[in-house]
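Questions regarding the structure given below will be posed in turn.
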Amino acid sequence: MAGNSIGKEFVVTSFGESHGKLVGVIVDGCPAGLPLSEADVQVELDRRIPLQKPEIVSGRIEKDVVEISSGVFNGFTTGAPICMTVKNKETRSSDYDAIQDLPRPAHADYTGRVKYGGFNDYRGGGRFSGRVTVALIMAGVVAKKLLSSADVAIVAYTKAIGKVKMGKAPSFAEIRKSKYDSAVRCPDLACAEKMEDAIVDAKKEGESLGGIIECVALNVPAGVGEPLYDALDADIAKALFNVPAVKGVEFGAGFAVAELKGSESNDAYQIQKGKVVTATNQAGGILGGTSSGMPIIARVAVKPTPSIAKEQKTVNLSKMEDATIKVGGRHDPCVVPKAVPVVEAAMAITLTDHMLRGGFIPKVLKGQK
Amino acid sequence: MAGNSIGKEFVVTSFGESHGKLVGVIVDGCPAGLPLSEADVQVELDRRIPLQKPEIVSGRIEKDVVEISSGVFNGFTTGAPICMTVKNKETRSSDYDAIQDLPRPAHADYTGRVKYGGFNDYRGGGRFSGRVTVALIMAGVVAKKLLSSADVAIVAYTKAIGKVKMGKAPSFAEIRKSKYDSAVRCPDLACAEKMEDAIVDAKKEGESLGGIIECVALNVPAGVGEPLYDALDADIAKALFNVPAVKGVEFGAGFAVAELKGSESNDAYQIQKGKVVTATNQAGGILGGTSSGMPIIARVAVKPTPSIAKEQKTVNLSKMEDATIKVGGRHDPCVVPKAVPVVEAAMAITLTDHMLRGGFIPKVLKGQK
Amino acid sequence: MAGNSIGKEFVVTSFGESHGKLVGVIVDGCPAGLPLSEADVQVELDRRIPLQKPEIVSGRIEKDVVEISSGVFNGFTTGAPICMTVKNKETRSSDYDAIQDLPRPAHADYTGRVKYGGFNDYRGGGRFSGRVTVALIMAGVVAKKLLSSADVAIVAYTKAIGKVKMGKAPSFAEIRKSKYDSAVRCPDLACAEKMEDAIVDAKKEGESLGGIIECVALNVPAGVGEPLYDALDADIAKALFNVPAVKGVEFGAGFAVAELKGSESNDAYQIQKGKVVTATNQAGGILGGTSSGMPIIARVAVKPTPSIAKEQKTVNLSKMEDATIKVGGRHDPCVVPKAVPVVEAAMAITLTDHMLRGGFIPKVLKGQK
Amino acid sequence: MAGNSIGKEFVVTSFGESHGKLVGVIVDGCPAGLPLSEADVQVELDRRIPLQKPEIVSGRIEKDVVEISSGVFNGFTTGAPICMTVKNKETRSSDYDAIQDLPRPAHADYTGRVKYGGFNDYRGGGRFSGRVTVALIMAGVVAKKLLSSADVAIVAYTKAIGKVKMGKAPSFAEIRKSKYDSAVRCPDLACAEKMEDAIVDAKKEGESLGGIIECVALNVPAGVGEPLYDALDADIAKALFNVPAVKGVEFGAGFAVAELKGSESNDAYQIQKGKVVTATNQAGGILGGTSSGMPIIARVAVKPTPSIAKEQKTVNLSKMEDATIKVGGRHDPCVVPKAVPVVEAAMAITLTDHMLRGGFIPKVLKGQK
């Protein structure tokens, strides 16, 4: 047991449940001297829920208000653990009485019950709820501010929803600028509209959709990552698989690499403006578990929301007999838009951990705002 | 730094370099009372290199002989750290003089040099060499014996080489029985022949190929995995990305899940012979980071061998100018066959770690042979 | 950085500052099914401050009220992280303006300022304040309940204050019964009175006193502890040195062992009621870093409270010149009584961690109240 | 299980048994660019055994020859794990047949048998043997070279053997110069002679002696240590309690602090040559778990060698009845002299780990010899 922390120098510990009092996070290992306020965190919480298109969002729209209760003094981090919490308000726990005995397919109801002997807080998925990702988002704000102090920038965005796929991505700056303009967090606004339509259609059918999210990190210096087993890609992948609903992670050319020839897969080195770069980036910025200085590019596959309106087959665990369930509660027909900032946070947290480990971020910052 | 260990209760620490004295591994946390001999390990080392088809193997064919130098007494593990080593013999280090300044594309030469300030042992890739995976294979033998004591069985096999893809997989037992009959470790021997031909063709062109490996674990009980952040899939993925050349990892339906609807992606529960099972296994045996009792299914994408005979563009790091390189040394035109047992070992090591963490394997075994 | 957690399976993470919003703790790795309520924790918080003798207590007497905000559901632990906090109320931060530049001797003002570049929360010692030990006490309640489920019992008590030393200790049961009857937590009430007098006298002189605390754990089964380097005594000592003001830790005969001969120091084995015991317990219950089944006995030396009324020499860190300081604020003339429950908690936390690691406490409890 | 590593950035993993093939250590996390040779390590191994006075040494005098088999290339560390081993030669395993059933008092025979279900290698104490400390000594050489690159110097020496106590210690430089001149590693050579006589006398009686070792570290910069729970003193104490036979650890004034008043215990700050120092050093160089810049001073109490020639009471574990034992094998009548370099190594390893964690030693050294 005891698996609720991630990272070695920048250690993020999550606590709280979907329908308990709160969701919170402790960030231990943040250097002293980083300007940090509740407002910094609130900005990201406020854009977590895609309000532009209420049809594609669950009924549970909480205004999450962050409270920072330790580790910040006079506007700067102190080097002590930072505790950040948001209270749960919109909880209709009675929605979940049924699932005690009838595990919802593709949710963690069954595995959680087995693992914790039935003592787990099953309401709304409890610890397994997507709501708990708020912890990652809050920690991700601290990580992104630290990365920013070292000139590293990150963005994640939606690349596909169901069968609707975005074409060539615009520039990093454009993605950052426009991705929050669409409810689906896709920077290609024409494509975004089709994605939204696809979600609305699925919802009408009592169905749900999945998709693909891409995450890019710019300006990560070469040499980040700790071979052999704390390889940068290995630790990023670990963090990304901790984002609920992710079933696949790939870097650079990813799974497509299996069909390439060596000469197509190898990235040729060249000197550009006095720096070593590669002509292509099939590697996704990581070689031998270590950053190469090229953009880090990761993609994740997100499964359709398990909660669908259609009746589904399940079992009654008390009676040990076959049963059916119609999942109640309020659910997003597609979790990809909400997963986008979580993917960004998971990438930021891992990069921060590794940049601290490698000495790329100092132990005490200068404190400039 | 200090990233050469993996696992929390079953801790595997790798050491050694491709062209140094040896490659070795320390396994800490193995319960006392497991029968273990050098012969057990030797069996797996002996079938690491696909000798059935010498054309697809590099010239470096070492007979690796394992030595166990601690942690075993009177034929049983003692509970103390187990040290296992193989000596390096077939090392032609002069082959590598050139790469000090001319990093080979898609290898870790450049990132290693940057990270370690030029002090890294660059010969044959040093720590980054595929040869170092022998450490995982040796530790994997211990892991598989422990899993076997708990009735868990694992197999990995080649599913695709380049564009040659296997059809429906035979049964688990058949895969285990026949995969080593082919040089490419594909249990479909007709398909295996086509894969071998594709590799030979690529080699003739001065090229290399990648592929897909699938790994299946049977009889893992429900409840293995430590949510939230030491999720079972997250830790398996971390281990798999530590296998050199892996660029993608997926579970169950994997990336295909992005195009499914909820009702296609959800696995319906049902009672079968008094046990809870699912009708399908899109989840690949893991829900909420915890095993469900269904087979665990993971797939990895392996890139083509970076070393190819064709001349490639690179840079001269001393002169900081563009250059070309023809990679010398002896190399496999496709590393997929050699990666198969490493994937199996990585899965076994992670499952063992998590089964020990969850109390599914006792701290002291009974010692029956 | 990131050193605010202790333990490997039972992981205790502390957060909060003396004069911030709160002091809190996350307990990760607590098995599911342990009955736990705020009332359980409140009992221990209520007797933390020795109210029987107000003269020996600082003016800061807070009624600390615990809030459990995660990890407990329907009266039982869920297996998820348990967050427990107490709010800070009695904070007169203006008392501490002076110490920004004038470090108080024997406090952590200077080392904290150097380490965190001046960004640390210096008010009341901030993270270094004795107040933060409330985190250990709260986590200790959970640990003691777990130990109790395995029949292990712990008690700590005051053995000496300054030069007043207790004679032979009464029985374990009597210590538990009567130690809280005295303000100094000494079960020998006649001796306790002398200790209280000594503290009052020291206070009148503008001085402070230290002392010795002994901690005993009964019924720890043989075989707890993870040799070599996570030895039980090593990890208990680490936890005890994390109790503020502790300058020495010893087990069994402790430092006196240096003057003994082998035959005096060795504990002879004997069979008693069918069990292996030792005639003496010079080892303090630990051999080779592993519990022997005999009572575990540890002692710590606690230094006099650094804050004294007398004027002291210090330096002005801004001007880098010699200076003097009269320490303001409200301080205990002897921290030994308040340290007693912290020592008990530190011992309980470490034993729990090791009993979980060794499989002596199950991963899921039965949930009987 | 899995407790055979110590440290977080400078990770030392021990393996091997007293009467197995070898004793070894893996050092992971050593920066690249440190000059390191087998000769560096051999020097320390050669002076481990106090040959000046053969009467006080066990008959087992092995010339331990170190082999470095990874992590060093062209005379410098590479950043990869360093494997160092010494082979066991002088093993008379038959001496230990008796102890399978008859645990030697004050040894780990009984606890080891219970913990590992009888599968532990009991010969010569196996993993629990003092011989295994060779691993710490080898790792300590690397640590001391790293510390030396940051101007930190360490020395440990014998302060007392039985009732013979050294007076005021000479200067740090003199201790380093003369401690190895005496068989007991006491820099006061007149006192050393009395210590040697005391050991010889004890041996004649069939007895053994313990003692006190002091360890001093100079020039540790202020700010080393990770509050709260990875406090510098806590981690040093953990390492020191991992030295076999240690029953007590104290810093600065240590246990004597319990009888002091605040004004005697507090170290007054003053400016000296533009630096902040303290007039006294009762704290032993550590405040709030963080180094203050003053010398770090620790002392340990070492128990008398458990193996004595006198007949002792024990039990027969197979028959579960009382028994007696005369301990065979070859044993030192006092292990203090051999423990001195181990204490030094334990201190060096912990300081190195914390200096790396705090960023006081760079990740890549310049490589000057």
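The letters A, B, C and D name the chains in turn, as written, and every chain counts its residues from 1.
We adopt the following convention: contacts are C-beta pairs under 8 Å (C-beta built on N, C-alpha and C of every residue); 3 or more make two chains touch, one makes a residue touch a chain.
Model, not experiment: these values are computed from the prediction.
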Pair with more cross-chain C-beta pairs in contact, given B-C and B-D: B-D
Interface residue identity across copies subunit A, subunit B - same or different by half: same
Relative to subunit C, chain with the most remote C-alpha centre: B
Subunit B and subunit D, separation of their C-alpha mean positions in angstrom: 39
Between subunit B and subunit A, distance of the C-alpha-averaged centres to the nearest whole Å: 27
Centroid distance [mean C-alpha coordinates] between subunit C and subunit B, Å: 46
Set of subunit C residues in contact with two or more other chains: 1-5, 8, 14, 115, 127, 358, 363
Residue ranges of subunit B touching subunit D (in the complex, touch as defined): 1-5, 7-11, 13-17, 20-22, 24, 26, 28-33, 69-71, 73, 76-83, 85, 115-117, 119-121, 126-127, 356, 363-365, 367
Touch list for subunit D against partner subunit C, complex: 1-6, 12, 14, 103, 105-108, 110-112, 114-115, 127-128, 132, 160, 162-163, 202, 205, 207-212, 222-223, 225-231, 233-235, 237-239, 241-242, 244, 247-271, 274, 276, 278-279, 282-284, 287-293, 301-308, 310, 312-315, 317, 320-322, 357-358
In the complex with subunit B, residue positions of subunit C that touch it: 8, 358-359, 362-363
